[in-house]
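For reference, chains read A, B, C and D in written order, and residue numbers begin at 1 within each chain.
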Amino acid sequence: MSEHVEQASEHAAEHPGYGTFIKVWVALVVLTGCLVGMSLVSQTYAVWGLLTLTPLKAGLVFYFFMHLRYEGPLFKVVVLVTLGTLLIFFALLFSDVAFR
Amino acid sequence: MSGHLHRDDFGSRLGMWLFLVTEMVLFGGLFIAYSYMRYRYPGEFHHGGSELNVTLGVINTVVLLTSSLTVVLAIVAVQRAEKRRAMTFLGTTLVLGLTFLVIKSFEWGAKFHHGLYPNSPHLATLPPGEQVFFGLYFTMTGLHGLHVVAGLSVLGVMLWWVATDRIRQDRYIHLENGGLYWHLVDVIWIFLLPLFYLAA
Amino acid sequence: MDWMNQAALSAQKSDAVFFYVFGLSVVFLVFITTLMIYFVVRYSKKRHPKAEQIEGHVGLEILWTTIPLVMFLSIFYYGWTNYEYMRLAPRDAMAVKVTARQWSWSFEYPNGKQSKVLFAPIGRPMKMEVRSVDMVHGFFVPAFRLKIDAVPSRTNTTWFQATKVGSFDIECTVICGVDHSLMLSKVIVVPEDEFKAWYFGGEDAPEPGKALRAAEAHPDLGSLPPGLAVLTAKGCLTCHSVDGKPKVGPTLHALYGREQEVLVAGNTRTVTVDDAFLRRTITNPADQVVRGYPPAMPRIPLTDQELDDVVRYIKTLN
Amino acid sequence: MSTQASTAQPSYLVDTGTRKGLMAWLTTTDHKRIGLLYLYAMLTFFFVAVGIGFVMRLVQLTTFQHLITARTYNALFTVHGVIMIFLFVVPGIPAVFGNFFLPILIGAKDVSFPRLNLLSWYVFMAGAIFAVLSLFTGGGAPDTGWTFYAPFSLKTGTNVSLAVFAAFVLGFSSMLTGINFITTIHRLRAPGMKWFRMPLMCWALYSTAWIQLLATPIVAITLVLVILERFFGIGIFDPAKGGDPLLYQHLFWIYSHPAVYIMILPAMGVITEIIPTFAKRPIFGYKAIAFSSMSIAGVGSLVWAHHMFTSGLSSLSVMLFSLLTMIVAVPSAIKVFNWVSTLYKGSIDFQPPLLFALTFIFLFCIGGLTGVMQGALAINVHIHDTYFIVGHFHYVMFGGTGMALFAGLLYWFPKMWGRMYSRKAIYASWFPMFIGFNMLYFGMMILGMMGMPRRYYVHLPQFHFMHVVATVGSWFLVLGLLMFFGTLIYAMFKGEKAEDNPWGGVTLEWTIPSPPPQENFEEIPTITQGPYHFVQQEGKS
């Protein structure tokens, strides 16, 4: 194959063990707890929680559970392009909705 | 023909990720619809959200997170050639996935019982924004539910393949791809929880 | 033929941009096509047996990125500024509520007067508040170069200031069902006094622009069977179809000779549709109303000749 | 690079497996056979839709007519649109030439997922069958136009649900093909085939595949929502329940505008392959064309709301989308300049594929420039939803994608079937096609300027003359099409045997025998230079 990048990314050498993933899981459960806690405080907090903690949780799942951490740059680019596109769709849509 | 091609695990994973891209955009479309409607009807969405059962939603989140963990642990087990463990982990995932569906069905059942379902006479009496809220609620959780069912079927096959050694230490790309799908289903639920139950 | 007839300020604004873009486009197209043909002839295998291996030229690439970009941006800017003008109604505009429904238009003026065609005084800004009660429709006046969609549950606005007296088509531009293509109306632009006479006149003030509407007539009526021409000219076909399609009134298709239940003074009676029945029901519609239809048909004065034509035509529809 | 093709392997057209005949084709995983399966299916649908278009033109010959009812007419234009768009233009070039030539162009034996590739074809056929079934079942053929605008699509009694489901299934097929192509390009390029040594067709297919992945799911979910709305009344698009028809339009066009680029990008790729071959010199500005493909894909995904300028968008939004629309026109202009410059100082061998490629450039320029007119807001307000639009997108879709497909067919015909067609017959078919095309679609644009709205089954008398002109044009066009395909079908069976490299092309497909052997290459070639190097060959002759 021609690209060095892709060549190098043929699965990074070491595989992570059980421990890493269990730690991540604990973090995810704790974050869920925080989210619930924030939503109990007030609506504003709940929305802030939605905007900050949820992407963080999703990021953890992507990065560790879905092995993005251990992959080469290509997959990261693929995910970022997708999320970027969705974000631009949102922005352009709201240029209509929010300014009517 | 395909027999002549060399095995390309990276290519398979790339294909899977590209498929996940389409899934992300698919739900992305629904998230766009949600935010559009929520912007139009903030009050109604708040009221609608308060009618959902937060406890069940949170329990389900933990259930799904744990099932995600067990899938990823199953992969570690396969990598270490610990077949029994791998099967236990996958089995746990299947049980947790089913639990999720059961809880979900109770939740939906309760809503139906209260006359809150699309086209119901009771729903028609609610303000328009709330009708939209429940429309979105049933669509999004329903579609997610379908993905859970699909994911469970895939993982069921994986369990079978681990048992019959089609998936083993030197060849576990299918399990990895199945796992990727399951995690994505999990990620989508991570977003659905606050959107409907917590921060609506 | 009144196409490209600029009958409002908005038309002038739109056409100005159109001719600008059209000019640029023609120049571009002619340039590219000439170049293509010239190269093909000049560098044909016979005249030019050995090709020069040119890979590209950065300077040229930059040049033909920038020039179109500047050109397109100028088009954008010109289009946008003129659009803003076409979109924002002046404060003193008269606001008319336009309601679209399957498949007709209705107009309501500030003082509550209503009409099926839009009356507009010349030289006076008129603001259209367009809404729909069912599907998405499109409010389109070609002579004004004006279009705005009628979307249910919201109000879209546009405005115009007519510069010519006359009668102009209103068409629906968004597919809205079977009779989408019959969802037509007119803008009747009349002198200010004529409009005022109607607008401030009582219930029975004559509609403005009568002369205009008679004159425009239906140019191709001559080619139709005489009966159908009468039905078309008198507007009967708005409510009665000739092909069996259900409309406001009963269809004329296969009507002759049929048994029909009618209400006469509140009592149901069955009659056979014959010459006498048709003549009576056309001249005195309120006398006997076909069961299941609203008593909505107005009395339309017809000459004996016209009446004969219509009845004869209805017979041919069996 | 060996120019002498070896013939050790049997051609892909010969059945060597245990299955013979039709069964061998229906179970094949050979990308070349799958390409042909698509081609045959698509051309069938194409001719059905052409027939429908022909009837619609006949209807417009009279101002007040009783040939068919309004409902039938509405069904006709809907079905014409659905078939042409979802079954022909969108999947067309990628599914046929992409499948057939992408692996060959990058020096691979097949695509990355051959079985998935066959599955895509079956999914495509399933979608097609649903589309056909929707005509005869339920409440009859849908009458909403191919855009299925809510709330009309929610309320009409016709069989919108099944038609929409068909489009959903077809979207799936398109996404699967996209996944396959991206993976193939990333993983299966021959040794030495760097990104910038790929033929430009591959760049076009690559960018197309990305749009397919990033935009198609949006329309998929939108169509699912329409179905749910019709069956369960979830109320997201239904104004009576608080839904918003404009949300439908947004979601629909988020896909359907990029879909326009899904249609045109591969067409541009085909043209970019043809021109250097017949000019016998490298393409002018390789990188500029490659990047313009990617930027069309990128910016093209962000201009959807220019289909909604008159529907009551915010003024900010209207301005933004008009601006973006103008910007997306630039890379297309770059491509046109580069194509024309490639002819400069070439040694032009004028052959049918080049004629059709140049026709493409001419018609596409008209289509593109009239597109710019619609991007200009003040003009858009007048011509939106009129015949102008109909004329314009036929220039782009038919004059663009269609002509490129024809050009590609002529270019690769000897390679695909190993036979040659009669060049004279093709030239003869070009004249009626070109004249008819312009009469029909330019006529439509004039009608649009006059104010003739689209999707009208009767028209006002002032439009009658141009309608007659357009209808007569359609007769010429159909005549040209029949001559064109008649020639090709005849050649497919009776044509003389073609050489391996009849045009003197230098991309990889011309280094292998015609028709290609089952595994394309005896030995995977090693690539040492860019795709359009003619010098070596000239030295020989």
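In this text, contacts are C-beta pairs under 8 Å (C-beta built on N, C-alpha and C of every residue); 3 or more make two chains touch, one makes a residue touch a chain.
Because the structure is predicted, anything quoted here is derived from the model rather than measured.
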Looking at A-B and A-D, which pair shares more C-beta contacts? A-B
Roughly how many whole angstrom separate the Cα centroids of chain A and chain B? 15
Calculate how many whole Å lie between the centre of chain A and the centre of chain C, each centre taken as the average of the chain's C-alpha atoms. 53
Computed distance of Cα centres, chain D from chain A, in Å: 36
Residue numbers of chain B (touch at least two other chains): 10, 14, 18, 21, 24-25, 28, 32, 36, 40
Two or more other chains in contact with one residue: find those residues in chain A. 6, 74, 82, 85, 89, 93, 97-98
Please output the residue numbers of chain D that touch at least 2 other chains, ranges allowed. 186-187, 214, 218, 244, 246, 250, 254, 312, 315
Please list, in label order, each pair of chains that touches. A-B, A-D, B-D, C-D
Parts of chain A lying in touch with chain D, wherever the complex brings them together: 1-3, 6, 74, 81-82, 85, 88-89, 92-93, 95-100
Show me the residue ranges of chain D that touch chain A in the complex, using the header's touch definition. 186-187, 189, 191-195, 210, 214, 218, 246, 250, 254, 301-302, 304-305, 312-317, 320-321
Name, in rising order, each residue of chain D that touches chain C in their complex. 63-64, 66, 69-71, 74, 143-145, 149-152, 155-156, 239-240, 244-246, 279-282, 284-288, 310-312, 315, 318-319, 322-323, 325-327, 329-330, 333-334, 336-338, 340-341, 343-350, 354, 358, 361-362, 365-366, 369-370, 372-373, 375-382, 384-386, 449-451, 453-462, 464, 533-535, 538
Contacts from chain B onto chain A in the complex sit at residues 9-10, 13-14, 17-18, 21, 24-25, 28, 31-32, 35-36, 39-40, 46, 54, 58, 61-62, 65-66, 68-69, 71-73, 76, 79, 176, 179-180, 183-184, 186-187, 190-191, 193-195, 198-199
What residues of chain B sit close enough to touch chain D in their complex? 1-2, 4-5, 8, 10-11, 14-15, 18-19, 21-30, 32-33, 36-37, 40-41, 44, 118-119, 124, 127-132, 134-136, 138-139, 143
